[in-house]
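Each of the next two complexes has chain A plus one more chain, namely chain B in the first and chain C in the second.
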Partner chain A sequence: MEISDENFRVWAEKNEVFFDGVFRLAGPDAYAPIYSLISGLLHEGHKQVTFNLTGLEFLNSSGINLLAKLTIEARKMGDLLLVVKGTNQHPWQAKSLPNLKKLHPLLDLRLA
Partner chain B sequence: MDGGLPKKPIGLASFRAKFILVVGGAVLFDLLVSGGLALWNVQRLSRDATLEVGQGLEAASQEYIRTYADSTAAQVNLLLKQVHNDVDTLAGVLQAQIDNPVRNSDVGAAIARTSPDSVSLSYDEKGKWSQNAPGSASVVSVWGYLLGQDHQPKPDIERDIQTSAVLDLVAPSLLQHGASKLQMYYIGPRERPIFRTAPYTDQAQTFDRLYPGHNEADFWNFFFPGLYESWQGWAKDAKTRPVADDITQTAPYTDAITGKLIVSFFHPLWTADRQDVAGTAGADITLDQLAETVENVKVAQSGFGFLAMSDGNVVAINSTGEKTLGLRAASGASGTGVTGLERSLKGSSQPAIAQLALDREQGIQHLLLQRDGDEVPYILTVKKLPATNLWSSGPVRQEAMLLGLVVPEREIDASLYAAQAKISEATNRIVIYQIIAILMSLLIVAIAVFAASKRITSGISALAGAAKRIQAQDYSVRVAITSKDEVGAAGEAFNRMAEQISYHTENLEQLVEERTAQIEDQKEEISALNAQLERENRRLGTELAVAERIQLMVLPLQQELEEFQDIEIAAYMRPAEEVGGDYYDVLKNGRRLKIGIGDVTGHGLESGVLMLMVQSVARALQEAGNTDAVKFLANLNSALFKNIVRTKIDKHLTLAFLDYDGKELILSGQHEEVVIIRSNGEIQRIDTMDLGIPIGLEADISAFIKTREIAFEKGDLILLHTDGVTEAENDAGELFGIERLCSEALRLKGQSADKVVSGIVATLMRFIGSQKIYDDITLLAVRHR
Partner chain C sequence: MAPQIFGIESLADISLDSGARLTLSDGPLQLGWKHSGMTSDFIAEIMALPYSRSRKDYLQAHHDIGYLSNELIENAVKFRQPGEILIEAGIIDGSFLLRVKNAIDSATSFRLQQLLHRLQSNEPGILLLEQIETNAISSTSGSGLGLLTLLSDYDARMAWTFEENEDQHIILTTTAAVAMPPSSNR
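And then the complex of A and B:
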């Protein structure tokens, strides 16, 4: 499962979702396929799902909205541990990812 | 297999022709080389065999001729030896009588008594000689000059007539046995040369006819001049004999009695004291006897022998030989003595014969003899017989007769020629068989190659033919797969391709129709899509226009920003190409001032509407006198969240507010960093992450909202911005960033809020250059006067 563009690429390997590149999609509609992809993975029955954002250089506000919604989705599934791997190399991640922790306190945010 | 393929002659350029040429050429080369070698070897074998056989046969032939000559010479010798023996015997008897006179006269008297016919002579008036009457075993002739007046022999003659009658006892038996002799005889000594001969013949009569005048002449001188004297010489000295033998042979002459050519062999008789000649014993043989032996020589078909005297006079030869050697007979012309025969090799009409060296044996000689105008090669060998004493005329001399054998080379070499012909014939036969074998092999190989080539190349030629038919647009063609090799694989591939071509060709029109219909459908679809797109574009355009209008509509008017006494507020907003959702507001309620800045995710009408809602709710809450910043945001979120759920606007926004009552400045809500440039040039950046959470994500966010009081003194400058400022990219992809924003603000801090905003925006725009503006850019400057 993979969604990609000349600037970005999203794919899933088992229970880990990888984000790569620069995401400047226009809005929720444009992000809808990505939402479906990851939402489907969340409901596959894994005990843990990881969002690997270390390759995600930039995510616009609509993309952050996507992550927020997915976090709320995961929070609703009580027994699912959501791990978010980020990096401090990209400033937006340090700025935006803590919000996910606010939305889902049990979320395992790993900023390296 | 190739079905309707027309039979084509094999072109020179065809694969099959090349195959045939290569294989056929190789076989032809091989056959020609092996055949040529075989032929060459056969020819060489033939040549060697011919040479070997030739040499062998020639040697054999020459050996044969030599042997034949030896054997013939031996025969001649034997014949002569026998005659010699007979003469010796006769002479021995007579000599014994002479040596014993008493017994001689007794024997003579006894014979006279018992055979009076042998000693009773009667005078012949006509011939004037006396001779006994027929009926006796021998004839005795007494020549006239030996008779007395009374025609009676003188007494000593009479005694000799009686004693010589002993011949009657010996000669008949000698004539019957031993060599074939014409006659044997006794001739008395010079003083009484009576002539007694056995058997009885008309001896004197014949002499009269052949030798007229002999009756009056001295016998020995008349017939054999010189002979008697020679013998007398021998009596005195035996060493004067030319050959150590008493026998003396005469040259051939015509016999006076029989008229035949004869040779006489004399054995002289000696007086008892051996001091003088006492007559002779003799025997004649016809030349026929010698000639028979010589003429019986038969070498090859026309080979012949000849017997010649040492002077070249040929005494025996057959008529063919005589002709071949070109001999010319000269009849004896002498009136006295025996009549000789002159037929000399030296007088031959054949130069090669005339020049023959007769004095020595030369083994095998090759001669060219004229025959019917042609030169014909002959082989000649000459052999000398043992020497003998010969009287021809005059003194006795030594004579060695020559035996010659003459054979045409062609005949003696006939076997050689036959062998050579056989070899040649065999060679030719082998050559012909070889050539036939080569031709047969070529034929068989040609047929085999032709057949094999058909098998081997038929697949390729079928493919080629089928391909040509495809080229001629006959797509029904298929090739039969007969082999499992590469050709077979090519055939299978060809058939599949042909099938596809056939299918596509046959269905081309249908396909074109289908494709046309598809294109028509697609065209309609595209038209519909185009129309839809056009409508959509129009709608979006309208929507964008509406959104932009909403966005710009709800922004505070310039005069609202300018109506404050102690603070200056300047704002800049530039929507991105597609209108986003940046929000800023300045709400005034009495002395209270609320400055808000936010950023709705996404763009378009929904963002605009959401922003409008935010503005409206904020205004309402402000108007309702809500002074608690936390509650204000919580309520605003609550209202927005519910509206978001209802409108299914899948968006949220960051939102922060500055509350100012003239003294205190309170910051609340989560948004971009707030930058404060103090009048002393100090820069303060305030992170708002802990002051809230995005609006619209959760129903209740009151737990997340915090406030922070910010000192705000005269000269201080507060900058509010959306991420459109810090995340603006230049051509190199660099972001404008918060540091650049701060340094720009610092650079412009002494100036009015308007100048600060316009200065920063100018720098920002230069930074962006021709790069696309991705997001709305909003910048607010709040300056304490």
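And then the complex of A and C:
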């Protein structure tokens, strides 16, 4: 399944979710379909789920809120390993992704 | 009534007359939202140019200017009362400065001032995590997450000025500054 508009694309392949482009939606309501898609994947019974953010150039604070909410959702599921793959190519990732680790210390954050 | 200033008062007085000035006209929220993205991209494009000698510095400057501009303009579009949004931007003493001025209602003013009071005695990084946890259980709008990420993740310096106007609205002026990379070809 995929959700996209002219600026971004988010889709899942098995237990990995890919985020691509610029996420600048207006708030929690606008991000709700993306939240539902990924939250559904978290509850499918995988041992590990990966958020692949290497194509995510930019996201606004409501987008950061989306990632944080999903991290908290994964935190509640004790036996699920959440891997977050990021890149130093997009400056927001080194600044804001470590916050996810503070929310969920067992999260595996890979910034390359 | 005298203006009320929160944050770093000296920032509120810095003149941006030598910078760029843009005005966003009133209009529907959806169009305004699109314009906030376009405007912040435009500001990042023109203001990051002095750093184009180094790709790393340019990417950093472009991103930081874009993120800061986008958050402040999104807030102005989301919470404004009918009227124009005035935007001023410039690079002064190695920092990018953005000033956004618009009318808000008293409820928005009250919520923002509550957050600013909490900031006076708390670390923005701690408030950011608290706010994220709160948002995870209730989808509140106007949570101040954008301001908290700017203060916590971008080390932004900020000032907020509240003034009452004759229409019983409050004119909010937000000024924010982020350090730019040290080397530039200015």
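Here is the rule we go by: the second predicted complex is superposed on the first by the 112 of 112 C-alpha atoms of A that agree within 3 Å, B and C clash if a C-alpha of one lies under 4 Å from a C-alpha of the other, contacts with A are read in each partner's own complex, and residues count from 1 in each chain.
Just so we're on the same page, a contact is a pair of C-beta atoms (placed from the backbone, for glycine too) under 8 Å apart; a residue touches a chain by one contact, two chains touch by 3 or more.
Note that the coordinates shown come from a computational prediction; the quantities given were computed from them, not determined experimentally.
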item	value
Combined model on chain A: chain C and chain B, fit or clash	clash
Which partner, chain B or chain C, touches more chain A residues	C
Which superposed partner A:87 touches (first chain B, second chain C, both, neither)	neither
Chain B versus chain C as contact partner of A:39, first or second or both or neither	neither
Partner chain in contact with A:24 - chain B first, chain C second, else both or neither	both
Touched partner set for A:15, first chain B, second chain C, both or neither	neither
First (chain B), second (chain C), both or neither touched by A:64	both
Chain B versus chain C as contact partner of A:54, first or second or both or neither	neither
Partner chain in contact with A:72 - chain B first, chain C second, else both or neither	both
Chain A positions touched by chain B in one structure and by chain C in the second	24, 26-28, 58, 60-62, 64-65, 68-69, 72, 95, 99, 102-103
Chain A-facing residues of chain B, complex	578, 599-604, 606-607, 650-652, 654, 670, 689, 693-694, 697-698, 704, 723, 727, 774-775
Residues of chain C that touch chain A when the two form their complex	29, 33, 37, 59-60, 63-64, 66-67, 70-71, 74, 78, 128-129, 132-133, 135-136, 139, 141, 143, 145-146, 149, 152-154
Residue ranges of chain A touching chain B (in the complex, touch as defined)	24, 26-28, 58, 60-62, 64-65, 68-69, 72, 95, 98-99, 102-103
In the complex with chain C, residue positions of chain A that touch it	22, 24, 26-29, 58, 60-62, 64-65, 68-69, 72-73, 89-92, 95-96, 99, 102-103
